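Should a chain be cited, it is by its letter among A, B, C and D, assigned in written order, with residues numbered from 1 in that chain.
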Amino acid sequence: MERSSAIRVIITGGTFDKHYDEVKGSLTFKDTHLPEILRFTRCTVPIELELNQLIDSLEMRTQNRLQVLEACRRSPERRIVVTHGTDTMVETAEVLGRAALGKTVVLTGAMVPYMVTNSDAVFNFGCAVTAVQQCTPGVWIAMNGRVFRWDVVRKNRDLGVFEPKEEP
Amino acid sequence: MERSSAIRVIITGGTFDKHYDEVKGSLTFKDTHLPEILRFTRCTVPIELELNQLIDSLEMRTQNRLQVLEACRRSPERRIVVTHGTDTMVETAEVLGRAALGKTVVLTGAMVPYMVTNSDAVFNFGCAVTAVQQCTPGVWIAMNGRVFRWDVVRKNRDLGVFEPKEEP
Amino acid sequence: MERSSAIRVIITGGTFDKHYDEVKGSLTFKDTHLPEILRFTRCTVPIELELNQLIDSLEMRTQNRLQVLEACRRSPERRIVVTHGTDTMVETAEVLGRAALGKTVVLTGAMVPYMVTNSDAVFNFGCAVTAVQQCTPGVWIAMNGRVFRWDVVRKNRDLGVFEPKEEP
Amino acid sequence: MERSSAIRVIITGGTFDKHYDEVKGSLTFKDTHLPEILRFTRCTVPIELELNQLIDSLEMRTQNRLQVLEACRRSPERRIVVTHGTDTMVETAEVLGRAALGKTVVLTGAMVPYMVTNSDAVFNFGCAVTAVQQCTPGVWIAMNGRVFRWDVVRKNRDLGVFEPKEEP
């Protein structure tokens, strides 16, 4: 049974959770930083963390997106945040959006890993946690301080920001 | 004339903006960290920063709160974030709430200064920036991942968290 | 029996180890950050940590300095780093220096707490760990990238730096 | 003419100075972080920064090492720190060591970039700045809190630490 205001956070990896592997000398995945983030942000909303996958979103295939969709379907909480790589966040949002889940799903991520100086990860997570409590059922993307409906947003790869598909 | 989606951030200091003064060996105010924060969070919402005062909220008097109220009144933007010390955030929210401004005002702050490890400042600011775009006109407090209406919230000083005045 | 190259680190607190107490809203002592620092600096020199006291060096009395002296005397390691507040570091160095311990003792500290952005704590600790292995027996202060003998150094309180007592 | 105690820092890049490129989503070089590091470490030793190259040490060829050697030769300062990738730091140290420069040269680097949480860069730099002032002329490596002569050290790639070539 759903706790009225609880949020499920479905973790898929992305730049947000990348980790510096000092033996390989490169950015890889090891574990999620969300438990640490929940601690110091002093978030009192009940949050269920679910490690769905740890993957660079450029390497996501249909199967990976269906795995996210399935987790959203199974979620007893009707408010869901999905952490996701930015490169194909819009594609996964479309898969979730077309599924008509009847839940509020907010995707977010980061341009710079949480572990790197000047990361946008914690700011974006704050935006997503708030958006998921305020928005009506549907699928949304929270990036750059804005909240976009899944079908009217694109990533501008040159600028590294999310923007409306058609300028208003 | 108001730009449709612009946000005014009215800065009053508080723990959020405290700075370590290495000569005095204590936390004081020097300047706001908001311009730096806006840069690395990659926020694309148009934001006007207004340095209203830099003060510990325990030292705020009626005059200080009226100075915030006046800034909210003058603001051409109808969406306003106020950074504020947590100790008397509820008192200032009440002054703004009773004034019936017809604007959306969200107060936020931090339990740990932005300059200190494990600060909640950036997370809270992300929450406030999102809340101010989603909430209806009125006065709100965004802390601990939650958004409270000004007249139903209090700070629990023992736990260091904001909570509903009467448990629902 | 002494391990040939081992170092004892005697911790006394000072700005180095100050911690932000979010309930009091001020900088206090809670515990030392040295175990964490030893981990991420990947220091492979055998190091014994000894928590001697956690105190602001402005509040140190004769008894506190004798407690440091006693710890240096008891130390089986002949190479000792003392973390210490900067305000009376020179006074404690004098107490240790006059005691003719026949060991190499290096005092260090920080102008900005380890927990605060742009701290000099980790840099200074690196300097002290290296100085204690390189210097001859005697008492030294490692601050500002320099190593001073205890009897030719003073803290310039206006500039917040350590400097030779008589300019060379 | 040499200022008596001045240090030249010859920058070659390495993990120490790697930067997160948010468009490419990978670690590359953009600029050195040494000016920033010198500021917050409050180092009062006169330091000349020289940007020699910005390169991953795995990609260093003979020509790159000769470029470092030439910079050491030209240096009016007789105390030189070289920041360098760890993977071939020993090889460059050998080139410098065999050249019998008559100067004190200390190579250092980092296992984790300065820009990444829990970096060893600043600690190692503190070690190197101190070692270069304490060591006799010759070529040294300062890593893991230890100072090694160039011809008795190797990098243990499995553990990611520097160690004596033959255990003492």
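One rule holds for everything that comes next: a residue touches a chain if its C-beta (ideal position, glycine included) is under 8 Å from a C-beta of that chain, and two chains touch if they have at least 3 such contacts.
The shown structure was predicted, so the numbers you read here are calculated from the model rather than taken from an experiment.
The greatest centre-to-centre distance from subunit B, using averaged C-alpha positions, is reached by D.
With each centre defined as the average position of its C-alpha atoms, the distance from subunit A to subunit D rounds to 39 Å.
If you average the CA atoms of subunit A and of subunit C, the two centres end up 44 Å from each other. Inter-chain centre distance (subunit A to subunit B, centres taken as mean C-alpha positions): 25 Å. Each of residues 111-112, 160 in subunit A touches at least two other chains. Contact topology of the protein chains: cyclic, one closed ring where each chain has exactly two touching partners. Chain pairs that touch one another: A-B, A-D, B-C, C-D. Those residues of subunit A whose C-beta lies close enough to touch subunit B in the complex are 37, 39-45, 111-112, 118-120, 122-127, 129-131, 133-135, 142, 144-147, 160-163. On subunit C, the positions that touch subunit B within their shared complex are 15, 20, 22-23, 25-27, 56, 87, 111-113, 115-117, 157-158, 160.
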